[in-house]
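Read from first to last, the chains carry the letters A, B, C and D; within each, the first residue is number 1.
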Amino acid sequence: MTRPAAIGLRSVHKRYGKSTALDGLDLEVAEGEFFCLLGPSGAGKTTTLKTIAGLEEPDSGAVELGGVDMAGVEPYDRGVAMCFESYALYPHRTAYDNLASPLRSPRHRLPAHEARERIGDIAELLGIGALLDRPVGRLSNGQRQRVALGRVLVRPARAFLLDEPLSHLDAKLRQAMRAELRAIGSVRRTTTLYVTHDSVEALALGDRIGVIRDGRMVQTGTREELWHRPYDTFVARSFGRPRINLLPGTVTAEGHFRSPDGAYELPLTVPAPPGAAVQLGVRPRDIGLLGPGKGSGVEPAGTDRGTALELTGTVHVSELLGRATEVTVRIGGQQLSLVVPRADAAGLRPDRPVRLSVPPESLLLFEADRPARPGRRIST
Amino acid sequence: MDMHAHDRRRFLAIGAAAAASATPLLTACGAGFGSDNSKGGGSAADDVTGSFDWKRAKGRTVKALLNKHPYTDALIADLKAFTEKTGIKVEYDVFPEDNYFDKLTVDLSSGRASYDVFMLGAYMVWQYGPPGWLEDLGPWMRNSSATGAEWDQADFFPNLLSADQWSLKAGAPLGQGGQYALPWGWETNVVAYNTEVFRKLGLKPAETFDELREVAGAITRRAPGAGFDGMYGVAVRGSRSWATIHPGFMTMYARNGLKDFTVESGKVKPAMNSPEAIAFTRDWAEMVKKGGPPSWTSYTWYQCSSDLGAKKAGMLFDADTAAYFQAVKGASPASGKIAFHPGPKGPDGSLATNMWIWSLGMSARSRNKSAAWLFLQWATGKEHLRKGAIEYNHIDPVRKSVSQDPAYKDRMRAIPGFIETFETVVDRTEIQFTPQEQFFDATTSWAAALQEIYGGKNASSVLNSLAGDLASKVG
Amino acid sequence: MSGRASPVPEAGHGAASGTGAGKRAVRAVPAWRRSLRPYLLIVPALLLTGGILYPFGLGLYYTVFDFAASKPQPDLVGIENYRRIFAQSSFWDSARVTVAYAVGAAAVETVLGVAVALLLHRASFVGRVLEKILILPLMIAPVIAAIMWKLMLQPSVGVINHLLEPFGLGGVQWTDTPTGALLSSIAVDVWVYTPFVAILALAGLRSLPVSPFEAAAVDGAGWWFTFRRLTLPMLWPYVLVAVIFRFMDSLKVFDIIYALTEGGPGDSTMVLQIRAYLEAIRFQRYSFGISYMITLWAAVYLVTMVLVRYLGRIQNRASEVPG
Amino acid sequence: MKRRVLAVAADLALILYFVFALFPVAWMVILSLKPTNELFSTYFSFSPTFDSYRTVLGAGGDQGVPFVRFFVNSLVVSVGAVALSLAIGLPAAYAAARWRFRGSENLMFTLLSFRFAPELTVVIPLFVLYQKLGLFDTYVGMVWVLQLVTLPLIVWIMRSYFSDLSPELEQAALLDGYTRKQAFFKVALPLVKPGIAAVSLLAFIFAWNNFVFPLILTSSNAQTVTVGALSFLGGDRPKYNLTAAAALVSVVPPLLLALTIQRYLVRGLSFGAVKS
């Protein structure tokens, strides 16, 4: 690395009384990068941001900004901007005054006319230009959230820390904002750490994504890495709707995967110790529907590489997802969901036998889950 | 006194851990007792020599703590004369009676001597004297360099002067030992009555305690029907305070030949539970119930005196001044209709009367004693007291010359029976209590006992337990 | 920095300059100084009150001696003063009276205060007018209030019996019986301090969330149910603060009883602080009197500690209530 | 119909309470307008006079009680005590609400416990100390001792306010580039202003009405109205009319203060008022 990471967390621990918020968290965000931190609630995402901002002090471990240890450095000396999930707007002031707050502070002061211009631009960008004179108390949650975001974007910073900044927008606006956010000039230029519990958002926005669980970073990487090479079942489950199918089973002597009731066996591409309890992961969109009847030898398009594996089962239930349909298929005692174009699923009645094709390279093999330890992916 | 010094050292050694300011309160009191008074010939009065001179302490300032009182008003009004005469400035604080003694006690006990002179009653000498807070004025009075001839000690009513003298030994009679205060104004306890109601009901002032109870009951029964709405017989104090005992109650008690304590070979023993005392106390409570004020247990002199003034009480058995200030023209609805009478005699014709003496005392720790003495001398001198009695409301003179002054007599003649009553009882008015340090505790508990008897408890058991309790504290 | 403020809000100025390695050394505050911060803010308050409580420690020190006006050279007596206090039946009588007074006053003030707050919360026309003068009694010094009440209650010339007379209730001797005296003192306390409870309770009511009440109304819940299950539990933390202050203060009541009954009749209103006052100031037995007060202080301390713990638990529970 | 009846009943109950609460005040007004010689002989029909007020305010017959000076003393001492308590107490309350530091609960309880000390326990040794330090009968001495009354109240109630205020508001200010001091003064403090107003009023009233401290720790220089008003009960006759007039005159400052901050009073004490 030629340049030190813009944000670096080294084995940060943080406890609140008896509960552990951060349990040895490591994180590196490169200069100018847009990094998404994904995790369920209570995973320690907000604590991570606050620790970086200097609002919380780590019990142990180090926070570095631009390679400099920030221990003991006051939040206002760290030069980061943060958007709070609670908005943290000053309720006694107007939207304009809230936006102007950083630009009136001793650190980031701008001459009044420049500030006004700057605030106008940002407000326009966020679609709150008409609301500036309103007191915060008279704004909707979505409007408040945009003011809170604006208060971050309006000022220069070495990093933006955004805590679920779009969560309270309605679905349409959220999608639009998601698209625009990355295009905003300052965001493009500034290192951004974006916290969300929404994997779609993370996949859409993040140059890189970090998945956090119980105060520990499970995996960081690009969206492709996380999608194709998830560290464990937790990460695998975090992405994709419907969720990845995780089929428990064992490894046979031949190195095949065998379902618990022996309903099917599948060859594996990765070596696994015979007899081991494992889970087979396959994403619903990777499974093809071969149609009813006996195997005709016709293979679904897109599985031309190598031989697709075939499974047979009966339809359990099907559910319309817009242009696609999610079909749940029973194979022995297990269930498998798959997503197929709506047309393909037409006429699928419960209990109808179906044949499924699974490309072998899309199969992921995991260790069996243990309590408090999701099964790791087994790879070569 | 060696023992004291020894004890004090031991105490200080124990207390060495306490920070510096822990000691003043303790040592101040100790020092007051150990040094100033016990050295006998060591009075600061002995430093005053040469011929008497009012200007001796010119330029000094005397600090006085005063109680809000008509006598005080007279004093303050005349202060200019003192300053002119002596060149001494007087600074003073005035507090109402309810708080006055708390202020004074805290101040004296702290050993700080914020005030050089103050007002006190003869009973306070018993509390303030033993710890050594009060200057013995005897040496000052006897020193002709310090005291001018015109002060004329013989002019005081002797019983008043001796009431402020004590040897500081529990049970020892008054009139011996140090002169710890000078009488300045006083109150004798007699009966004042509403002439109107007496005339209308055909009553005559009671000459015996039995008659008093009868008259009181009669007024309560008959006065409301005779146009005196809500009137009851006799107002006497009843609050849970030492002050309940000393006026009417103690006077009647003494006229019955009863003692609060007996002193046998130096030991003080409670006597308020003697069979006669129990009977008397029961009768007193009975009188209050049948002819006394409703809610008697809350009665202080405020309520007593205002009830007489408001024509709610037919009689008042209390300090003569309490009635006097309601009787003067225009003071109350009853003014002009209040007359005085010495009150019921004892079975043997006794007119023994208890009294309250507003006295002036000097702090033993005053650093200004020479000036303070000049002030006391002036304030108790003929000139000021005469002026106070004639021009202001300083009635009940402590000096014979003032009480015989024609101008004063003229003035008091406006109140029927006042002078006659005064002259009847003045010689028989003295402190009827046995002097001892726990006076306030004893009389406060006594008042509480009186309240309980009034509330229906058995008089002998209440008084016996009071006596038992006091025996351990006083003896 | 102002002159050189970059028009382009790049990561440009202020402490954020030098996006790479820290070109400008950032000022770090050592950990010990940071952990000292809250103490620095709180210590002045403690010093200010603690400094004045140095005499309190001194008082505590006196209690192991038998210091009195009649004994200016005191001896070390250890816990003798306390032993004597606890051996006296009068102490236990006073303790009983004090507790009766405090419980009575605090209970009536709580019930009445909450009731008044609930009535005012309806914001009827009458309520809105009366709310403005709610705290008037609180503004009269308690000692003066007690004197005025004493005057009003006096049967001979007092106005209350005069007003009751037409109803055939004249001649009540308010403070003349033990029960009457205690109830009268409590009544004065209630008169002075009910507004204090009421105003805190009203403030609590005004800050309760609306949604649970709307939900209850939609469900058709009755008034009593709403009050028992919603209003009271949510209001309780606010009321409890008021109750703690009132209970604490009425355990050490002084001025009201001092002015109204001086502890009488008999010992029926002889609360601890009045007795302590008599002992320490009137009778000049410092060590004993101060031991009395210290005992009272310790009792109040313990009771309040329990109440405050309870308050803490209640507040935590209340904060878990959604909304 | 039933609802209407209930509403009327509620109003009646309210009026009943206020009759109880206001009658003594009304009676004091009546007393204060009575001439001394009619104090006990009349109830409601009398010849009203403002003499009592004239006397109390120093314009009538001299009573030897410099009540106006006591009034000024009370103002100085009470305002001073509340101001000092705010200056010292607000940071303390803020610290207690914001940091869970070692012993914070104990410290807070200790602070509160100063309020349970019976005043008489401290007042005698304090008297000695004050005499020694020259604080007896001074404004400084009174302001200091009244901290025992005002400070715990302010700290305890203000701590609830600060706790109810989301710490993220100040955190946002820190990240906006403000120092902690600025965050406190520009963000936290304005938001608890109603609370400050309300609690200051209560503290002011309690300081103004305190009796034992000025009784023992002041003389003529720094004496306050509560002790001063009682002075009228001494002398030849108890002059309740003067005491009533004095008490009513001394109600004026807290009453004015209360009316000024009326709109804050209840809202201010609503601990949750700061939540948007």
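Going forward, a residue touches a chain if its C-beta (ideal position, glycine included) is under 8 Å from a C-beta of that chain, and two chains touch if they have at least 3 such contacts.
Model, not experiment: these values are computed from the prediction.
Q: Between A-C and B-D, which chain pair is linked by the larger number of C-beta contacts?
A: Result of the comparison of A-C and B-D: B-D.
Q: Which one chain sits nearest the middle, judging by mean Cα positions?
A: C
Q: Name the chain whose C-alpha centroid is most distant from the C-alpha centroid of subunit A.
A: Of all the other chains, the one whose centre lies farthest from subunit A is B.
Q: So, what's the distance in Å between the C-alpha centres of subunit C and subunit A?
A: Inter-chain centre distance comes to 53 Å.
Q: Taking each chain's centre as the mean position of its Cα atoms, how many Å separate subunit A from subunit B?
A: Distance between chain centres, rounded to whole Å: 92 Å.
Q: Just how far, in Å, is the C-alpha centre of subunit D from the one of subunit B?
A: Here subunit B and subunit D have centroids separated by 38 Å.
Q: Quick one: subunit A and subunit D, Cα centre-to-centre, how many Å?
A: Chain centres of subunit A and subunit D, defined by C-alpha means, are spaced 57 Å apart.
Q: Which residues does subunit C have that touch at least 2 chains other than itself?
A: 14, 54, 58, 157, 281, 286
Q: Tell me, which residues of subunit D touch at least two other chains?
A: 40, 124-125, 128-129, 177, 230, 233
Q: Going through subunit B residue by residue, note those that touch at least 2 other chains and give them in order.
A: Subunit B, residues with two or more chain partners: 21, 102, 106, 109, 306-307, 310, 312.
Q: Which of the chains touch, listed as pairs?
A: Final set of chain pairs in contact is A-C, A-D, B-C, B-D, C-D.
Q: Help me check something: in the complex, which residues belonging to subunit A touch subunit C?
A: Interface residues on subunit A, with respect to subunit C: 3-4, 6, 31, 57, 65-68, 70-74, 76-80, 107-111, 114, 118, 154-158, 186, 189-190.
Q: For subunit A, which residues count as touching subunit D in their complex?
A: Within the complex, subunit A contacts subunit D at residues 50, 53-55, 74-76, 80-82, 84, 86, 88-92, 101-102, 105-108, 136-137, 151, 155.
Q: Quick one: in the complex, what on subunit C touches subunit B?
A: Going through subunit C, the ones touching subunit B are 54, 58, 61, 65, 67, 69-70, 72-76, 150, 153-157, 171, 173-178, 181, 260-267, 278, 281-284, 286.
Q: Mind pulling up the subunit D residues that touch subunit A in the complex?
A: The contact residues of subunit D facing subunit A are 166, 168-169, 171-180, 182, 187, 190-191, 274, 276.
Q: Taking the complex as given, what residues does subunit D use to touch subunit B?
A: 36-41, 64-65, 123-125, 127-129, 131-132, 136, 215-216, 219-220, 227, 230-238
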